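Scroll down for the structure; my scribbles are underneath it.
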Amino acid sequence: MLNKARQDFISCDSDLQSAQIVLFGAPFDGTVSYRPGTRFAPKAIRGESFGIETYSPYQDKDLSDIKVCDLGDLEFPFGNPEAVLKIIEDTSAEILGLNKKPFMVGGEHLVSLGAVRAAAKKFPELNIIHFDAHTDLRDEYLGQKLSHATVMRRCHDILGDARIFQFGIRSGDRPEFEWAKSHVFMNKFNLNNIEHALDKIAGAPIYMTVDLDVLDPSEFPGTGTPEAGGVSFEELRRALLKVAETGNVVACDVNELSPTYDQSGASTALACKIIREILLSL
Amino acid sequence: MLNKARQDFISCDSDLQSAQIVLFGAPFDGTVSYRPGTRFAPKAIRGESFGIETYSPYQDKDLSDIKVCDLGDLEFPFGNPEAVLKIIEDTSAEILGLNKKPFMVGGEHLVSLGAVRAAAKKFPELNIIHFDAHTDLRDEYLGQKLSHATVMRRCHDILGDARIFQFGIRSGDRPEFEWAKSHVFMNKFNLNNIEHALDKIAGAPIYMTVDLDVLDPSEFPGTGTPEAGGVSFEELRRALLKVAETGNVVACDVNELSPTYDQSGASTALACKIIREILLSL
Amino acid sequence: MLNKARQDFISCDSDLQSAQIVLFGAPFDGTVSYRPGTRFAPKAIRGESFGIETYSPYQDKDLSDIKVCDLGDLEFPFGNPEAVLKIIEDTSAEILGLNKKPFMVGGEHLVSLGAVRAAAKKFPELNIIHFDAHTDLRDEYLGQKLSHATVMRRCHDILGDARIFQFGIRSGDRPEFEWAKSHVFMNKFNLNNIEHALDKIAGAPIYMTVDLDVLDPSEFPGTGTPEAGGVSFEELRRALLKVAETGNVVACDVNELSPTYDQSGASTALACKIIREILLSL
Amino acid sequence: MLNKARQDFISCDSDLQSAQIVLFGAPFDGTVSYRPGTRFAPKAIRGESFGIETYSPYQDKDLSDIKVCDLGDLEFPFGNPEAVLKIIEDTSAEILGLNKKPFMVGGEHLVSLGAVRAAAKKFPELNIIHFDAHTDLRDEYLGQKLSHATVMRRCHDILGDARIFQFGIRSGDRPEFEWAKSHVFMNKFNLNNIEHALDKIAGAPIYMTVDLDVLDPSEFPGTGTPEAGGVSFEELRRALLKVAETGNVVACDVNELSPTYDQSGASTALACKIIREILLSL
Amino acid sequence: MLNKARQDFISCDSDLQSAQIVLFGAPFDGTVSYRPGTRFAPKAIRGESFGIETYSPYQDKDLSDIKVCDLGDLEFPFGNPEAVLKIIEDTSAEILGLNKKPFMVGGEHLVSLGAVRAAAKKFPELNIIHFDAHTDLRDEYLGQKLSHATVMRRCHDILGDARIFQFGIRSGDRPEFEWAKSHVFMNKFNLNNIEHALDKIAGAPIYMTVDLDVLDPSEFPGTGTPEAGGVSFEELRRALLKVAETGNVVACDVNELSPTYDQSGASTALACKIIREILLSL
Amino acid sequence: MLNKARQDFISCDSDLQSAQIVLFGAPFDGTVSYRPGTRFAPKAIRGESFGIETYSPYQDKDLSDIKVCDLGDLEFPFGNPEAVLKIIEDTSAEILGLNKKPFMVGGEHLVSLGAVRAAAKKFPELNIIHFDAHTDLRDEYLGQKLSHATVMRRCHDILGDARIFQFGIRSGDRPEFEWAKSHVFMNKFNLNNIEHALDKIAGAPIYMTVDLDVLDPSEFPGTGTPEAGGVSFEELRRALLKVAETGNVVACDVNELSPTYDQSGASTALACKIIREILLSL
């Protein structure tokens, strides 16, 4: 019989109605002035996902046990970041309105802002757990308010002090590090103190955002902004699991894979495993 | 509204029932001993197809005017060429049984044999128009009967003498060239004499198979077997149009793109345009 | 003696005051939704320029005989095309104000709009000679007015009918080709009729814009939008010379090289030679 | 004097008769449906071997102290895995018949089956020490019995329960992990318990097979199946040494390098060092 | 039976004594200051040679009909060009002393000087037929007398005026073009007038040197110095045949392939065909 | 206002007179017989430097607090290593004569010899701290005295016994390791005992040379000689800081980055951070 071939992230072929989690791609990298390429990530991740197994020997769970709907990629007008964020916010809001969890695959980190806007509207007590090599706390970058380098500052505009928890940070300018001291919780260089953050959050809803460049470039070269001195896959995997196991993650994203710089495919494969492990633990 | 994103070859989003042409991918390169990679072609072609226009200024026609259904890719057991050919033959036969035209995107050239088997069963008077740099007329290759290097010889097993018309041939071993003299029509080095061939065929059904390495490697580097001294896009485009305009093409394939060797994407884009031009002229 | 090493385009080391031509880079590709990379072109072109000679055996002239000042690259806020165009317009206007010729190296084709705005202000009778594979005549693209796909339409907004002369066009959507018939002069597929255009222009000032994808991808694979069936280096070189020899070119740009897709460096080297030939003939 | 230049793996230029170890390449990857490329490994390894030293500071030994004959690469009919395995089995049997040790360089992991067949015939008490990221214990893969994903299951068909010892395993489907519990010894995620395995084997002959993807992709990106969370070069080097020092290894292979995904050459160089260290310790 | 696998250029497996032609690699690019890589050419050419046929449909001849011995690659001390040239001269002299024809595969163009020294010693009436994009006539380059950019000037030091015939030249500095007028025969831009040159030479011995960058970079991107506006494979093939058919070629080289810039392998494959066609016509 | 754009290493835009440190590129790799490419490092490092921050969260210092002058790249005659070393020695001597610190960015490791010659002339008590995977202690390599493989032996010719301290060494031939025992201090495999070395040096002037291949290829694949089993960025960063904090480093170099093998750019970015950290600590 002639059937259309599958093209979702592996095993995420549930229909929208029965899905618990709704995955979608946000292939935008329009504010990146240096090395673009994250726009290609969602498609690359879907393609590569058939190279990993649906079964996790870490959690002894299988993607076939849960229901995920992969919507495919959103379509964006490059050159207009505000319009892009609006599309993401609307999509996320609609998913949240169905009492499902949005799982966004970036794209550059700015895309998180659209989803955070939607989540903060539904969950005013929202906290953000943020894994990243960079602070992303500039107020402006090259004269622009909306940028991959300002995204966490814009989230702070919405949520206010003491609601953003950053881990693995090892790059930024001096004023960002200064500003951080009185406005966010920042754990430099590694992922220690994750339990401390979860204690502070104490059951409030969590938006978890994973900038994959938090990983060491040896394990994750596929990024436009490689920062030596990062964390390992094992460290990240364990930290993500701790956050997810609270049961309070209401939305999530994984971003900043740039397949352009992933000649071996190892970074894309790693991103697939991170997504699988999060999906299985949510 | 939350809708699944499109993933077909551009504008080939008709449903099966209303389609005139049914496109499918045959991502197999399992008999290639030297430089594999054509298995990646159908997916690459779909992705790149959104970089070309649906409108052809050559023919002043638009893909939106016709109905094509893209089935996606067939799934194959590598290491078992006979099983692969069976899957292709069954798919092609089913499409032909619906009185639609199969349009296969390879894959290595051996995949043509599966579709030719199906077409020859329905159309016993079938002729083959074959564009290629290579004769593909060996009887065996490394001890195997089924190989990209033997595919036209296997087609001859089915159709017999004077039914295969080859164009652009510029590589093969000496016995192949000798054998060709008494069994097929071979036009070496260029695409001259295409009208002569069409006269001979005289209205009988045609299977058109395009090994893209018939093109000069300057215009089409994306192949595992680049052969200097080939024809140009313009020459091929015109020849394909002449064949298609007879109205007798009952099935067709385009094969041997190897995205692995297409760093610039120019070969994949060219393949997309060739497919568009054929689709619009069938 | 300790001196700073040279970093300009080869032999373009004149100071601003004594220069006849002022070259600058416009490394912007922010409206490109598909395959970015032209942002890297100006730096790549400067680096590669030391691989070509300053002497042209075609014109029997040498770059050391003329005075060109290379300003380096402008710095842009990605994600804000209007701000980018303003920077380009101001730079071009300042150069024109010194009675020198701006020579811009893109970047995506949208950058031309900034320089055309400046040139049209100083020369209200301005005409555009446009070499390109694409019409670039859409009124909107993905909902945006400012895009590489709309740039010539925006120029038409400024200059009006019968002032834009297009050559080598072979891709666009159907409405663009329709619209072109009554608003611009379009020579499809090749560079014929260039004298005809120059006759029509009859001594009025000319802005010459070269989208390098007018070349066949075999000779110029280094572009995000390869279109088979293009013109050769020799054809382009001769056409450019004809335009330049009128003595009426008041500003000029060369754009759309994407070093990302130029693995061999041949496209970048070709761009350098095109720039050398134009500089020597202006 | 005019002499032929050397082309063996560095310093493995002994003639067959005097060699203790006989190295040969098995450039086959014909059952790989996803990302081929291991067929290029043996040639790449030979070429790169001249970039490492013959002296090991780890063992304070030098390749010039031992006698190895490099036979070059076997020639295979792609598309016929059974015929390929027959060629490997015959070659291995002939080497074993001369009371020398076969050292095979793959190729995909399926090639191990040919050598294991030969070794098990000569040494009925054979045990396998297996380093890998994947279980390779499926009974069928895409309907086929012979596949890189089934190779250890096929070895189990020959050797039976409790004769296969697996290390570093971190990927497979759920049934494979279930099946493993009662049929093989599996050490997940790391190389611990290697002494435990050697104790169990207790002096019986050992076939050692190294799928290099057991390494973390950060150190070994050059593979078609990168699995994050692997072991380090140092860990693997020490484990291999422990096995070799038992003096019971009768045959050995190193496989699954895919030079296609090794842009930097670091994976190929690492494979060379692993081969050197094993050769020196056998 | 256990035999060493073949590693010569395809079908060039004759022993030295019975060979008519002796092929060897000269993997040197030590004077190239810009983009190195030709050192990798001889090995790449041998590997790729198994992808072409031994039979030429152009000449209806087969490599199996002639006797060629491939010596492999010479080993060079990088950083000492004079020592490198000495090794090449000695090797060439030894081959010539056996009344065989040396066929050198470069490497950068400077390697020709070593072989020309040997040939001019045996054949004082030697002429050079030189295919190239560049004049190579500088007297010094960066203060050095021995360089890829001075090689033809050094040959002129040996042979004197009117003995060097250059074809396809399209790049050099102004003084080189001036100097050429009174010392060599130079045919700019194309391969016209080859018969004229052969008439002048009138049966004297010929050294034929082919710098592959004479080809257009569209057909031959694999070079460190791509020069747009070159000749086609067909044009070069015909010109080489004319020279070879004089029967007066006593030595020959093919150089300047840089596999580093040949992502698709098309340039290496073309080089193989050029070598095959020359071997068959000598 | 029309200003020239910046092209120095980020924030190293001081004029020569006021600078404390003078940085320059030494883009030479002419003695490398195997895989060239380090000639491209200085330019790549400058370009990539704009992707890192000027602020170091490790040291809480910023490049804007110090004065560094980037001279750009020296220009070298390839094929003449002695002339190259003379240029480097003269440049270094001139900088030292101004009582400033030379900071050289290679290039292959041989370039260190030029700077060491200058430093040893001014500081006869000079010691060398040498980070590297390789001993570089051969007396000759392929018959040459001047080579990347002999550079530390040549330094020993100048400084004598017990003045060179090597760290991270894990490759060399047996005689080198033997010779080292009585002539230099060698710490194999890791960076332990750095304090021990600094104690021995006891305040004497230090030349610090960093061959980046001391790093593990997982973190630093961008080198022509990847050696598995290396140290981490963190380990190297800490060791460099210890040396710099003595206040006795009078000159320094960082070498052996080969951008050719750094597809992701992660190695180049790491090199930039290493340079930033050293600059901030000198």
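Note that the chains take the letters A, B, C, D, E and F in the order they are written out, and that residue 1 is the start of every chain.
The rule is short, and it goes like this: a contact is a pair of C-beta atoms (placed from the backbone, for glycine too) under 8 Å apart; a residue touches a chain by one contact, two chains touch by 3 or more.
Owing to the predicted nature of the structure, the values given are computational and were not obtained by experimental measurement.
Chains that touch both subunit A and subunit E: B, C, D, F.
Comparing the contact residues of subunit B and subunit C by number shows a mostly separate set, under half of all numbers used being common to the two copies.
Between the Cα centres of subunit C and subunit F there is a gap of 42 Å.
Centre to centre, using the average C-alpha position, subunit C and subunit D are separated by 55 Å.
The set of subunit D residues that touch two or more partner chains comprises 75, 216, 218-219, 221, 263.
Pairs of chains that satisfy the touch definition comprise A-B, A-C, A-D, A-F, B-C, B-D, B-E, C-E, C-F, D-E, D-F, E-F. Subunit C makes touch with subunit E in their complex at residues 50-55, 57, 62, 216, 218-219, 221, 233-234, 237, 263-266, 269-270, 273. Every residue of subunit E that touches subunit F in the complex is listed here, in rising order: 29-33, 36-37, 39, 75-81, 83, 142-144, 146-147, 260. Residue ranges of subunit E in contact with subunit C, taken from their complex: 34-35, 169-174, 177, 188-189, 216-219, 221-229, 261-263.
For subunit A in complex with subunit B, the touching residues are 1-7, 16, 22, 25, 43, 47, 71-75, 91, 94-95.
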